Every structure is written in structure tokens, then in C-alpha cells.
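Paired with chain B in one complex and with chain C in the other, chain A is shared by the two complexes that follow.
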Partner chain A sequence: MKVLTGIVVTFVGLLLLYGVSDPEDFPAWGDPHSPANASPISQYFIQKTIRDSEVPNMVTAVLADYRGYDTMFETVVVFVAGIAIFGVIRSYEQEDVELQVSRRRPDVIPKRTVRLLIPIIQIFALYVLAHGHSSPGGGFQGGVIMGASFIMIALVWDLETALKRFSEKLAIACAGIGILIYAAFGLVPMFYGDEFLNYGILYKVLPATDSREMARYYAMLGVEVGVMFTVTSVMYLIYALLATRGRMKGGL
Partner chain B sequence: MEEFIQSKFNYWIYVLLMMLGLWGMIAKNNLIKKLIGMSIFQTAIILFYVSVAVKSEESTIPILPHHGHDYSFKYAEKHAKHADHDHDDHHGHEKDPHHKEEKHGAHGASGHGGVAHPKIPKPDNFANPLPHVLMLTAIVVGVAILGLALAISQKIYRHYGTLEEDELLKKVRAEDNG
Partner chain C sequence: MIFSFDLLVLLFLIPSAIIALQLRNLVAASMVFGIYSFLMCLLWAEMGAVDVAFTEAAVGAGVSAVFMIATVYQTTRKSSD
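Up next, the complex of A and B:
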């Protein structure tokens, strides 16, 4: 089986290598005139993003505004994955003997270090979220960093300590609230007669926005906050469920 | 020859990684090792997309420098003499090729009320943002899928007591027959 697969995979790989190496058919690395780079749509994003929404980071603008639908349902995918993991392995049975983990006291060095680190990590997560407009960052990245801070509590102390601060119910609720925040930013423009997720009209609602451009700028931030809620709580849920085999106590 | 290798190297690595991941997914017996193969496969796709987005050596990341002030419409407007021009006016200018040339030449003092025009970013100076966006979401979905796959393998292990594919198939068949 292994040999047969090896032969097939090698054959496919050689075919791909042949196709990729053709200097005529396949554009070279870094070619600015390759079909992907010369397409009008990516040129539009580079030239007009700052004009349309005042956001210097084109990736954020494309993610949260031009491709808002995609990102919204991407967030839904993350949420559904979290719920699916919950549904697959969450169990309420009395714990087995093998899962009895002694409630050990954490060592001094990890405890002190993590106590210092966690506020910094959380502030950094908020920084990454808020600066997604002018530097690399955004809701997904900030959410993962924020989730890591809660996972760190669970690793150094135990899951009970982490659950005291961020309980299971709260995590699931936050995951849903994130999507609701996102959808609300899409829904409100509809009441003003615009399309779903067309943030421009929000200048009538949002404070301190006097133009369509700035309304899009701040609506993107709001949308990213929604994404961060979902990603933070789903990352934390995935860790908590996988580390305890769905029992939500004891664990690593 | 050196140039040829340089212009194709990333694609070769991508093919190599993708085939490695594919082989791992098919040939490996352990479910966790299959998942590792899947992750390698995903990494290969991400490498492909991101390397497609690269432009020549003069280009930089798709973020406008100086917080976009040189390019910012608002900033240019604030520093203009007459700030009462509205936005539609500018969009109108931009469509007109005659005014566009003016914009590149005399920066600001173009006789239209002295409004300073922001610079338009040149597509050749910035990497293609679209593949980056696609991969950003792909990475997140990849993590979600990996978590779900690990949860299912944990469930399988709890039920059958093994993660080896051949043993699993044997146990599943035995269960079906009786």
C-alpha cells in the first residue's frame, strides 16, 4: 500500500513539477504581470482602498469590507466547529479513575512568570485588534492571542481556575455574541435602505463619523471585535474540551 | 540557469510539500499521522497562494506607509486651502484622464480651488492583497478543522481503544457482523 501510494504520489508530483517549471505557461516568482497580480480586482484594492474607506491596511479592508460576506461566514465556520467539537466529545459522566488528576500547586517560577505575562498578552491582543487598520493584525489574530492567555491560565494552574474566570457557558455565549455583533453591523444598513454589510450608510448611526469613508473605517473595527469574541472563545473551548476529553475537569 | 531556479524554487517546494502531505494522508496508518499530513498539505497551499502574491523586488507589504497620510484623502483635504470641496468632486476628477495627468504633475496646485490631491498607490509597489486575505481565512478554518478532527479521533479512541486504521477496520467489521 505504501509503495503503491508512493508511486502514484511521485508521478503526480513529477507532473506538477513539469507544469510549474514551464517558463512560458507558468508565471515566474514575483512577476508583477502574472494573471493573479495584474487582475483588475487586485489593482482596484491597492489603488482605491484608501479612497473608499481610509484604511491603510488593504488586507483588513478587503477582509472586513469588500469580502464581508466571506469573513462573516468564516466566523460562522469557526463557531460551528466549536459547537461541533462540543457536541462530539462533551460528556457529563462521572469521571473515571484514570482521569483523577491531583490538584497540584503550580511551581513558583511558572506562576510568577505567567502572572506577569497574562496582562501583557491580553493588552497586546487588544492592540493587535485595534491596530488591524494600520498594521498587520485584526480580529482573527487578536482573538487567537487572547485565547492563548486563557489557555495559559489553564496550563499553569488547572482548568478549574481558568473556568472560574471564563466559564464554559460564557465561552459558548461569547462565541454566539461575536457572530451577532458581526450580523448586526450588516443588518443596520438595511434599515437605512442600503444593502446587507454595506457599512457606508452607518455614518448616520455611528458616533464621530461624518462621512461614508469614516463610517466604513469604524464599522470594520466593530466587525473585527465580533470576530475576536468568537475566535477567543472557540480557541479556549477547543483547548478545554480536548485536554479533558470533554469532561471539563482535571485535564492536563 | 540560476535565474530559472530562483523564479521557480518556491513552486517546487510547494509541490514537494503538497505531495508529502498527500502521501502522509493516504499511506500512514495512524489517524493522528494522517492529520499531520493534512496540515502539511494545507501549509503547501498557503505557501502557494502567498508566493503568488509576491511582486518584484521593489514591492512591499500591502499596507500603505506613514499611516497612509500621503495617500489619505482626508489628510490631503485637511491640508488644502479650501476644505469645502465635497467627495463627489474628487471622484469625478479621477475618472477624467485629463485631470489625472494634472494630479501627477502639479501636486495640489491644479487650479481647482487648490485642493491637495492624495497620491494614488501604484499597484506595482505593493504585494497583491487578495491572496493574503484568502489565506488568512484559510488558516483559521484550518485550525477549526484540525480541532474537530482531533475531537473525533479522541472519540474514536475512547470507543475502539486504538487509532491504527487497520485495527479500527477490523473492529468495525467485527462489530457489524455481530
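Up next, the complex of A and C:
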């Protein structure tokens, strides 16, 4: 069986190599005439992003504005994944069946290091979120980094310490609130007679924005905040559930 | 593209992919997956896809390795096949 698998994998690998070997089919790296760069829609994004929304980072503009539907339901997918894991393995049994609980006090070195690191990590997460327009980053990355800071608390102390700061109920609520924030930024334009997630009209609502471009700029930030809420809490929730077999106490 | 850098990363990337699948110790395998993700992140950063590289560094090398190790601790340490 292993030999057979090896033969199949080698064959497919050689086929892939053959497929990308022809320069006609597989353009060189950074080729301006490659289909990905030359297609009208890419041309539009490259030329018009700054004019449309004043966002220097094209990736964020495509993600949060031009392709807003997709990102909204990506967030819903993250939320559903968290809820699914919760539904499958959360258990309310009270007896502790040979949980691999480490009840000992945390060592001094990890404790001191993490105490120094966590504020920096969280500030960095907020920076990644807020600066996602002009540099790489955004809600997903910022959310993961923020979630990691809470996971770090759970790793170095124990889950109880982390749950005291970010409880299970709060995490589930925040995961839902994130999607609601996103959906709200989609719904408000509809009241002004525009399409769902067409942020331009929000200049009438948002403070300190007087043009459609700046409204799109700030609406993208708001949407990313929603994404960050969901991602942070889902990451933390998944870790807490996986590390405790769904019992929400003890853990690694 | 910097050819020598690509070559160096690929030189580590391919063995780490194979080792991650071959290891019997699942904690070690998760660690090697983390290394694999980090090398992919370097490769993407070097090709200019900085957003993808950032996501890979945060999700692939950071959180998913922790998830895998947390799961392994609740199941068996050794792979049975």
C-alpha cells in the first residue's frame, strides 16, 4: 500500500512539475503580462484603489471593501467553526476523569517573561488591526495575535486564570458581536438607499468623514474590528476547549 | 526573487514536510509542522505576498501548532500507524 501511494504521489508530482514547466502556461514571477496582473479586474484594483477609498494597502481594500461579502461570510465560517467545536466537545460532567491537570505553581521565568510580553503582544495586535490599511495586517491577523495573548495566559498559569479575565460566556458573546458589527456596517447603507456593504454612503453617519472615500476607509476599519472580535474569541475558545476536553477547567 | 534564499528555504522546507509526516511522536510532528509553516511564511514574504506571510506566521506557525499540541496532550502521544 505504501509503495502504491508512493507511486501515485510521485506521478502526480511529476505531472505538476510538467504542468508548470512550460513558460507559456506558467508565467515568470512578477511578470506584468501574466493573466493575474493583466486581467481588467486586477488593473482596476491596482489603478483605482487609492482613488476609490484612499487605502494604500490594496489587499485590505479588496478584502474588506470590494470583496466584502466574501470576508463577511469568512468571519461567519470562523464563528461556525468555533460553535461547532463547542457543540461537539463541550461537556458539563463534574467528575475529573484523569485530566492531565498541572496544578503546580507557574515557574518564575515563564511568569515574568509572559508578564512583560503580554502587553506588548496586545498593543501589537491593536496596531496590526488599526494599521491594516497602510501596511500588511487587518482583523484576522490582529485577532489571532490577540487570541494568542490569552492562550499564553492559559499556558503559563492555568485556564482558570485566563477564564477570570476572559470568560467562556464573554468569548461566545464577543464572537457573535463581531459578526453583528460587520453586518451593521452592511445594513446601515441600505437604510440610505444603497446596496448591502456599500460603505460610501456612510459619510452621512460616521463622524469626521466628509467624503465617500474617507467613509469607505473608516468603514473598512470598523469591519475589521468586527472580524477581530470574532477571531480573537474563537481562537481562545478553541484552545480552551481542546486543551481541557471540553470541561473548561485544568488543561495543559 | 533571490535565488540563493529560495534554495536555502526549500532545502529546509522539503525535509521538514517529509519529517512531519514520518515522525511517530505527535508532539514533535506538530513542532515540525510549525517549522514548515514558518518556512512557508519566509518564502511568501520574500515573494512579496506580505499579507499572506503575516497570516501564515500568526495562524500557521503560531496558533495552529498550539492547537495541535493541546489536542495531542488529550489523546495519545504516539501515532499508532
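By definition in this document, the second predicted complex is superposed on the first by the 247 of 252 C-alpha atoms of A that agree within 3 Å, B and C clash if a C-alpha of one lies under 4 Å from a C-alpha of the other, contacts with A are read in each partner's own complex, and residues count from 1 in each chain.
Simple rule for what comes next: a residue touches a chain if its C-beta (ideal position, glycine included) is under 8 Å from a C-beta of that chain, and two chains touch if they have at least 3 such contacts.
Fair warning: this is a prediction, and the values are worked out from it, not measured in the lab.
Peer 1: After the overlay on chain A, what do you see for chain B versus chain C, clash or fit?
Peer 2: fit
Peer 1: Quick check for you: in the superposed arrangement, does A:Trp29 touch first (chain B), second (chain C), both or neither?
Peer 2: both
Peer 1: On the A-aligned overlay, A:Ala243 touches which partner chain: chain B = first, chain C = second, or both, or neither?
Peer 2: After superposing on A, A:Ala243 lies in contact with chain C but is clear of chain B.
Peer 1: Please work out whether A:Gly137 is in contact with chain B alone, chain C alone, both, or neither, and reply first, second, both or neither.
Peer 2: Second partner only, chain C.
Peer 1: Should A:Met220 be classified as contacting the first partner (chain B), the second (chain C), both, or neither?
Peer 2: neither
Peer 1: Looking at A:Val59, would you say it contacts chain B, chain C, both, or neither? Reply first, second, both or neither.
Peer 2: both
Peer 1: Figure out whether A:Ile145 sits in contact with chain B (first) or chain C (second), or with both, or with neither.
Peer 2: Once the two structures are laid over each other on A, A:Ile145 reaches chain C alone.
Peer 1: Chain A residues in contact: does chain B have more, or chain C?
Peer 2: Comparing touch counts on chain A for chain B and chain C gives B.
Peer 1: Mind working out whether A:Ile46 is in touch with chain B, chain C, both or neither, as first, second, both or neither?
Peer 2: A:Ile46 contacts chain B only, not chain C.
Peer 1: Looking at the overlay, what does A:Ala175 touch: chain B (first), chain C (second), both, or neither?
Peer 2: A:Ala175 sits against neither chain B nor chain C.
Peer 1: Of all C-alpha distances between chain B and chain C after superposition, which is the least, in Å?
Peer 2: 5
Peer 1: Following superposition on chain A, which residues of chain A contact chain B and also contact chain C?
Peer 2: On chain A, the residues that contact chain B in one structure and chain C in the other are 29-30, 57, 59, 136, 138, 140, 235, 238, 242, 245.
Peer 1: Quick one: in the complex, what on chain A touches chain C?
Peer 2: Of all residues in chain A, those touching chain C are 29-30, 57, 59-60, 100, 128, 136-138, 140-141, 144-145, 147-148, 151, 155, 235, 238-239, 242-245, 251-252.
Peer 1: If we count contacts the way the header does, which residues on chain A are in touch with chain B in the complex?
Peer 2: 1-2, 5-6, 9-10, 12-13, 16-17, 20-21, 23, 26, 28-32, 34, 36-37, 41-43, 45-47, 50-51, 54-59, 62-63, 67, 70-71, 74, 77-78, 81-82, 84-85, 88-89, 134-136, 138, 140, 211-214, 231, 234-235, 238, 241-242, 245-246
Peer 1: Provide the residue numbers of chain B that touch chain A in the complex, in ascending order.
Peer 2: 4, 6-12, 14-16, 18-19, 22-23, 26-27, 51-57, 59, 61-65, 67-68, 71-74, 87, 118, 120-124, 126, 128-133, 136-137, 139-141, 143-145, 147-148, 150-152, 154-155, 158
Peer 1: List the residues on chain C that touch chain A in their complex, please.
Peer 2: Residue list for chain C touching chain A: 1, 47-48, 50-51, 53-55, 58-59, 62-63, 66-67, 69-71, 73-74.
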